[in-house]
Structure formats: C-alpha cells, structure tokens
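For reference, the structures are reproduced in the following blocks.
There are two complexes below, and they share subunit A, which is joined by subunit B in the first and by subunit C in the second.
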Partner chain A sequence: MRGRKDLLLILTGAAIAGAAVFCLSLYLGPEGLSMPGDEILRLRIMRALCGAGTGAALAAAGVAYQTVLANPLADPYLLGSSSGAAAGIAALSFFGVSRAGLIFPLTAGLCSCLTVAAVLKIAGRSFSKKNIILSGVAVNLFLSAAVIFMVSIRKKEFFSVMYFMMGDLGETRLSLIAAALMIAAAGSLFLFAKSRFLNALAAGKTLSRQLGCDWKKESLAALAAASVITGAAVSISGTIGFIGLMAPHIARKFVGSDVRFLMPAAAVSGAALLMISDFAAKNILFPQEIPVGVITSMLGAPFFLWIYKK
Partner chain B sequence: MIEFKNFSAGYTDHFVIQNINCRLVSGKIYALIGPNAAGKTTLLRSLIGDIPRSGGEITIDGQNIKLFSARDLAKKVSYAPPEINPAFNYSVSEFVTMGRFAVNRAFWETDEDIEEAANALITMDLADVADKAVAELSSGQKQSCLLAQIIAKNTDIILLDEPAAHLDIKHRADFFRKILSLKKNADKSIIITFHDLNDAINAADSFMLLKEGRLTACKEKDGITGGMLSELYGTEVLISEFPDGRKAVLPRFARAENTI
Partner chain C sequence: MLILIFLSALIIAPGCSSRKAPEGLRVVSLSPAITEIIYAIGAENALYGITNHCNWPPKASREKESVGDFSFPSMEKIALIQPSLILAAGDGQGKAISHLINAGYDVRVFHPADIAELFAHIMEIGRILGKTNNASELVKNMKKEISSIPKLKNKSVFIEVCPKPLIAASDKTFLSAICERIGLRNIAVFQNSYPGVNAEWLIRKKPDYILLTGCSEEEFRALHPYIKNSKIIRPSDIDMIVRPGPRITRGMREIYYLAEDAEKKQ
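Now for the complex of A and B:
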C-alpha cells in the first residue's frame, strides 16, 4: 500500500511540473522565449493564474463527478454543471449586477448545483452512465441557448457570447479572481479530505454501503462541492469543456485511481493542460487569437469518444 | 444472532418479501434458495439496509438494524454482490484494503489495517495479483477480491449473493473450500444464495427456502428432502447421497415411461 511518502513524492513532482508550465507561460510568446515588458508580464501573470486556477478547479470537480457517479465519462461540461453556472452569471449580468467579488462565483456555484440535481433527477434513479451523460448534454444545450437568448437581448452591456460558449482567460479583476480561486480551493480541499469516502463511493451504491459509507449523504456532499468548484471556475473563465474529463484520466495513468493521490495529480494536470491549450489558442493563428475552448474541445471530444469506446 | 421479526421489504409499497420470521445463529452457513425472483437478493440486501422500504424488523444481537448508522451496520455485516464491474483501475490491494474503511476512517490506513488486508490477500490467493487492476481479473478472481475485502473487514455476518454463478467447477470448489475454512476458523454466520443446489447441499449447514417472497421453511440440511425442493421449484427433484457423504441434487429432464 502507498502512504504519506508517496503522496509527498507526487505532490513534489506535481508542484515542479506545474511551476514549470506556469513560468513558461509567462515568458513564452509568439516570438519564442523572451523577457516581456512590465505591463505584458502583469497581464500574462493574471492569465496564467486564471488558466492554472480554472484548470485545477475543473479537474478537481471532474475527479469528484467521475468518482461519485462511478462514471468515467462524467465532466462538469458534459453534466451541464458548467452551463448551469454560465446561465447564473448571464442572469446576474442581465439584471445589471456588476461583475466583482463573491456574488458571481457563489451564484454560479448555486446554479451549478441546481443544474446537476436536475440532470440526475432526469436521468433517473438507476444512475445509468449513458442516461446521465445524455440528460447532461440536453440540459447543457438548453441552458446554452438560454444564455445566448439573454445575451442577444442586451448586447451592449454584456461580455461576449464567446466567453460563455468557449471560455476566455482574459479576466483581469483581481478581486473576482481571488474570490473565485479561494472558493475553488476550499471546495477542492474538502473533497481531498474526503478522499477515502470518494474511493468507497466509486465502488457503487451497494458496495459503498457495505464499506460503511452513507451513500446518499456522502455523494450529495461531494456533488455539491464539485458543483460549487465548477461555478467558481466558470465565473472567471466561462465554460471551458473537457478539462474535467481529460485531466483525471491522464492523472490516473500516472498515480492510479486512489483519490488521495489522484486529486492532487489531476489538479496539476488540469492546470497544465489549460495553460498549454491557452498557449496554443493564442499562437496557432497568431496574431489572431482563438477561444481556448476551441482547443480543449478539439482535444477533449475525441478523448471522450476514446474513453467511451474503451 | 440475526432475527427476522415479521419482516417485509421492497422497492415500492408493494413488498417483494413478506412476513419473514426466523432466527439465524452464528457458526453456520445458511443456504438461501428459491426460484428466480423469489426475493433472495432483496432479503440479503435488507440486512445491509440497502432496500428502501420495509416493515417489521431485523435484529442483530437483539438490536434493531434500523437504529444502526451506516458505519456501525457495516462493521457487523458484509455483503458481496454476484459480480462487480469496477469503473476505474483500482488495484486489488487497494480494493481489499478499502474493506478497512468501515473500521478506520482516518485519512491513512494504520499498520493494523495494512496487515489485515495483506493477510486477506494471502488467504484468498491474491498476493500475486495484488498490484493488478481489479477490472482486469477473471470473474473467479473478482469474487475472491470481494471475499478478501470482507475478510479484511472481519465482520460477524457475511452475505454472499450467488458467489459461484460465474465460476467453473474447479474455482467453485476452491471458493467454497475457503468459505468452509472461514466458518471453521472464526465463528461467523454466513448466508449464501445459490443458483446451483449441488453447491448448496454440499456447503451449507442449514437451508432457508424462499418462494414468492415468503419463507416456506428454515431447516437443518438433514431435514431437507427432495419433495421439499420439488415443491419449492415446481419441478421434480431428487436428492441422492454418495458413500463418502457428498450429496447430489438432480432434476428430471426426460419424462419417465413407467412412473408409479
């Protein structure tokens, strides 16, 4: 059995890898490695923070969704959790609430919780893997349409449709970033502390009972935490698909499925994956920038099919 | 000791099993048998509180199981489903060690947890595949994993739901040999549902006969006759005994020409 030492080793390795990608994203531009000016460096730091924070948060939520539902296909985006959060944010903006502080991430988290609850309700009691994804995708489409509807009515004072549909790591309000990342970190730490409960839940309802885990209570708590984390991530970066699907699977290849090791490894994978995707989004068609969600979906959708076929 | 008092249970208001009354003692293997859809699995899963509706009560050592927390119940009762399809690549040793979660919920396992799990792996001949993913194992080995997890938990009551359904004759023999030695070495009540009555009559000490949700008999093995099984299943069944004490349960396939 692996123990504390292995976790320390994984954390060290992950921290080094994460820090490397973070630093690289500050100094790597379209012209290769260079020392950027102060203003550009400041923007790049913000961008890297958004990318790393959002990626890690989506990955942590993905680990929780996948493990609790014992469903390798689960992901904040496919479950409708992200678009629930986006709809909450769009509604706040629609009614003219200014975009700062705690209210955005918290509202997004709440809407995300409600959406996941609705999706699971629609999918039915048996929690079948395909039903959950199908109802998630349908709810996702519906909410996305609702968001575009709201954006269309109030074009002027709104951020772009792109932000909602494909994500945007250009957020620069430090108070919003700080609030969202703190919420996401608190949620992730809660899930990490519950690692062994999540392991038991991954065995399915009946087996988790025989392991002494109150299935209903524990899965509700974990799903709520994952949804709040997703809401926080969406409130700074919009809906970015498939990070929460890919990062846990990549991490599983390296550290296995035990959530105690998987959660930190997946968070770093998610952070790195999103920062790398963002780099690609900025530079593939330079000087034109494409939305980061285009890159993550181009990688993620085939990845989804690969997991589905496996 | 387990006691069912006028116990009924099901998934809706229509109960699948009804008015069960019986008393099970420790140190015995009980065979829970009956036709398909008689409610065998419902009865087993009621004992781990996994059936949504129930009436009457089940007591363990005199205490109503409804008053137990999920964790306290798991410390007394273990349940193995007929098969498992793990969603992720948990290793055999991780899976077996999970059994200790019912006992110790700290973030890390204690040395005792790890030792108990290691012993369980050896008991079930899984030490060689300890680092493999459970999902990659054969059905027989998956059943062994489930039993190893239960051995690591070390509960007084063990429920096995058709454990041999997917095993060939050698693995079946190995499996039940281990169940018998488990009973012998530790004073446990083991309830097993059987698909194959030959396994049941050679492994169990007592029989619980379940038909259409009702318990029609709860008897020692010697009290079970071919006639009772014939009536239970609605087809003619014969029990024959070999000189070494083994028994066989035989259905009749061909229509007899000159029955009396």
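Now for the complex of A and C:
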C-alpha cells in the first residue's frame, strides 16, 4: 500500500510521461524526429488533441464502468456504449445533419446512455460478468447491423462511416473537437467529484449504504456520466476499442484502486496509449493509414483474454 | 414419384429455363459506363436491364428495368429478365460476377485500364451487339475529340475518391490514365487502385492540383484545412470522368480548362 505522497509522485511522473508522448507525437514522423512544416504541425496538433482527449475520456469512462458494475471486463466498447454512440452519429449523418457544434457529441452521449441501459436491462439484475459482456456483444452486433443498413441506403457515406466504425483521429474541425472535449472534461470532473462514492462502492454496496450514499441514484448518475463521456469521445474519433479496458488496469498497477488517484492516472495512460497506437496506425504502412481501432483491438483483445482468465 | 416431381420442377423453374435467350440478344448492363456505350452506339434495343446507377442518358432509367445495385444486383430480377448476356465492369463487382457465372450466365467484364483499352472495349461491345459501324464511328469521333484537347506541362495531380478517410485513385486506375493524357502526372503511385493515404503525405507531396471526385470543394476544405498548397479542381459532372464511356472526352476537356483557369487565377 503506497502512501499519499508516493501516489502524488507517481501521478506527477505519469503526467510528465503523458506530456512527453504528446510532444513526441508532434515531432516524430515517418522520417524520425524532425521539425515539421506549419501545416503538418497543425495537423499533428489536432490529431494529438483528439488522441489525448479521446484516450483520457475512454479511460475515465472505463474506470467508472468497472467500479460501478464491479466488473474488471467492463469497457465502453464491450458494453456497447461506443456502438450506441456510433449508431447515433450514423443516424445524424443519414439525415444529412452537418458535423459541427454540440449536436453530435450530445446525440452520441444520449444514444450511448440508452444503449448501456438496454445492455444492463438485458443482462438482468445480477450484473454478472458474463451476462453483461454477452449482452454487450449482442447489442454491439445489432447496432453494427443498423449502421450497415443506414450506409447501405446512403452509399456515398459508406467509406466514411465504415472507417469511423474502426476509429479515426483525423478530425480537424476545431468547433467539433472543442465541444466534444469540453463535454468529456465536464463528465470526467463529475466522476472525479464522485470519487468518494465510487471508492465506497468498490468496497461493497453495504458499506456505501452505511456511508449514507444513495447507491442506486449515484450508480445511475455515474453510469450516465461515463456514457456521455464515451459519446463525446466517439463523436470525434469513432469507435475505438479496449482503451477503456486497458488504461484503468495499467493505472491500477501503479496507483491501486483509490479512484481519486486511479481516475487521473487512467486518463493519462489512456491518452498515452491512444497517441502511441495512432503513431503506429499512421506510420506502419506510411503513406497508407490503418484505422487506429485496428491497432487498439490488436493490443486489447489479448489483454481482455488475460483479464478474463485471471 | 417424388423424383419425377423434383425433376419436372427443375425443368419448369424460371431460373433454370432462363439460360437461353428466347428471342435475339437480351443484355443486362451492370455498369453505368457500359450502359452509356450501348446507348451511344444505338444498341439500346438489345438492353433489357440496367443498374440503379445507370442515369445517362436520362431516358435509360425510364426505359429499362433496374436490376438493383451496382455491387449487389438482384439475382431474382436478373433471372426474370432472362438475359443471354451480362456486361459488367468488374471493379467492386467480384462477388456478383462469380454468383452470376456460377448460375450459368454468360458474363463479360469490361474494365479498361486506359483510353486505348476503352476504345478496344467499345469496338468489342459494338461487335457483340451487331453495331460495329456505329462503334467505330464513336471511337473515331472520340479519338478526334481527345487529340484536340491541349496538354498541360509538368503538372502533378492527386485524385481524391473519398475525403474522409482520404482515399486516392492510384496510377493503376482509368481516372489516372485520362489525367496523364492531358498532362497531369498522378502522385499516388501504389500497387492497389484505391489506397487510403495519410494527409501529411499529401501536404508533403504538394501536388499542383487536387482533382475532387468524392466531395465538393467546400467539404474538402472543411475536412482538410491544412492542405493549402494545391489548386482544387472539380468537374461539373463527376460521372463524365469516373465512367470509362463516351463522355470522357467532355470530362477531359473540362479538367484541362479547370486546371488552366486555376493556374491563371493564382
């Protein structure tokens, strides 16, 4: 058990490492470390912002889902939260709504909330590990089919939507990025403010009741916040799997389960993990690009199995 | 008894009796470009089915039965037409073509890699449909038209097919061949026809022109605000250049003038 001072030191170290990865992603390209031209630098700044913001948001949502559902396998992707958000975005695109401002992250957040509610309802009251994941898989498949149905009707959007479903950090519209990241930041701060309740919940429902927490209301609020954060992240970067699963587990190894420390450490881990994955996605086959979700899934699927077997 | 019923059902089933043309040639075109060629050589009487995308000439969609999508045509509609010949484009139709061949249809694929091959394909379609003279007249006119289009000097182009993800038409495509013909060298030299590319690479390559085929200029500018050094050109009717058919001459001329205008504006 580490002391408060040690944990703060670890957090500071993690923040410095995260900042270093952010800077590296600006100056490290296919030709190695170099000073890029203005246009390329701006492009990389946008990409790094999307990567860091999305990674941190998905990780924060992952911490909340894992803690509230007491399920180490819970993740925005596996719970269907990301697919719900993506289906909402595909529906907006289907009806020709232009991608700008708050409407995309907010709709994605709402659809994400509804999807998680549906998954939990299907899983039943027990919230068992397997039930939740299986319900998530079923809902994921249903929503993917709905998205494919929509793009089959509007063929013009086919490539864009399909690519979006595999994760893409190439968003350059500042208004959309700013709106999504503000919503994600507000949701993450809300969850951080609920650290005391989440810690109590991690210790058991009975203890949380003894501490005077309205277990049901607080759990619902935390799940809704995690879903809104996921929706905001998906609205700029598409569905990126397993960051919300891996980052909390990596952070837990260093700072333990105290949500006050776990949440920021996971956010930094998620941001760094996604920026590193994006670097690989951009440069492995340069100048061709691999969707970043392919890289995170290649890392995340074995990680999932490892956690599942533990 | 059951065997006899089964055999007689096989004999009278419409899908099975449709292999032979009952009266003359019954053609289904699975490509908008081929439909345009058939109309241009005056062989539309033999055409019985087209795709949802065959919108030129405008009367085509009014006159002919649609068999559905370009990539996923309806096998049932095709069976109902009872075609003796199916003409396809090949690209993006692999699954449909193999299903049709397995079902016993005579399928011919016309996928020209360059302008010379397009002329050969027009002649071949004319020969099959009994319109050799019209086909050779069309080819002669197209050759004359193309030879009258001036050439740009030492200019490079990036041909956009989809803005997000950024997908290019590589040097292996027909689109690239028509650009080369008017003096636009394609910077996308890849093994595959339509590679997804990185925006950083495009900024570095600084092509003289970006030829848009998948979106409007406003949309491209909004999605790629940092790609500033290239002049953007977009023909009024994209179908004229993406379909290897009789209208490419108009498309090529328009690209040339758009490029020249963009050069003058700078």
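What we mean here is this: the second predicted complex is superposed on the first by the 287 of 310 C-alpha atoms of A that agree within 3 Å, B and C clash if a C-alpha of one lies under 4 Å from a C-alpha of the other, contacts with A are read in each partner's own complex, and residues count from 1 in each chain.
Note that a contact is a pair of C-beta atoms (placed from the backbone, for glycine too) under 8 Å apart; a residue touches a chain by one contact, two chains touch by 3 or more.
As the structure is a prediction and not an experimental result, all values here were calculated from the model.
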item: Subunit B versus subunit C as contact partner of A:S34, first or second or both or neither; value: neither
item: Subunit B versus subunit C as contact partner of A:S128, first or second or both or neither; value: neither
item: First (subunit B), second (subunit C), both or neither touched by A:R252; value: first
item: Which superposed partner A:S195 touches (first subunit B, second subunit C, both, neither); value: first
item: Touched partner set for A:D168, first subunit B, second subunit C, both or neither; value: second
item: Touched partner set for A:Q288, first subunit B, second subunit C, both or neither; value: second
item: Of subunit B and subunit C, the chain that contacts the larger number of subunit A residues; value: B
item: First (subunit B), second (subunit C), both or neither touched by A:T12; value: neither
item: Footprint of subunit A on subunit B - complex, ascending; value: 45, 48-50, 69-75, 77-81, 84, 86-91, 93-95, 97-99, 101-102, 105, 107-109, 114, 117
item: Interfacial residue positions of subunit A with respect to subunit B in the complex; value: 1, 3-4, 66-67, 70-72, 193, 195-196, 199-200, 202-207, 209-215, 252, 256-258, 260
item: Touching residues on subunit C, where the partner in the complex is subunit A; value: 162-167, 190, 195-201, 203-204, 222-229
item: Interfacial residue positions of subunit A with respect to subunit C in the complex; value: 29, 36-37, 39-40, 42-44, 159-160, 163, 168, 170, 172-173, 282, 286-289, 291
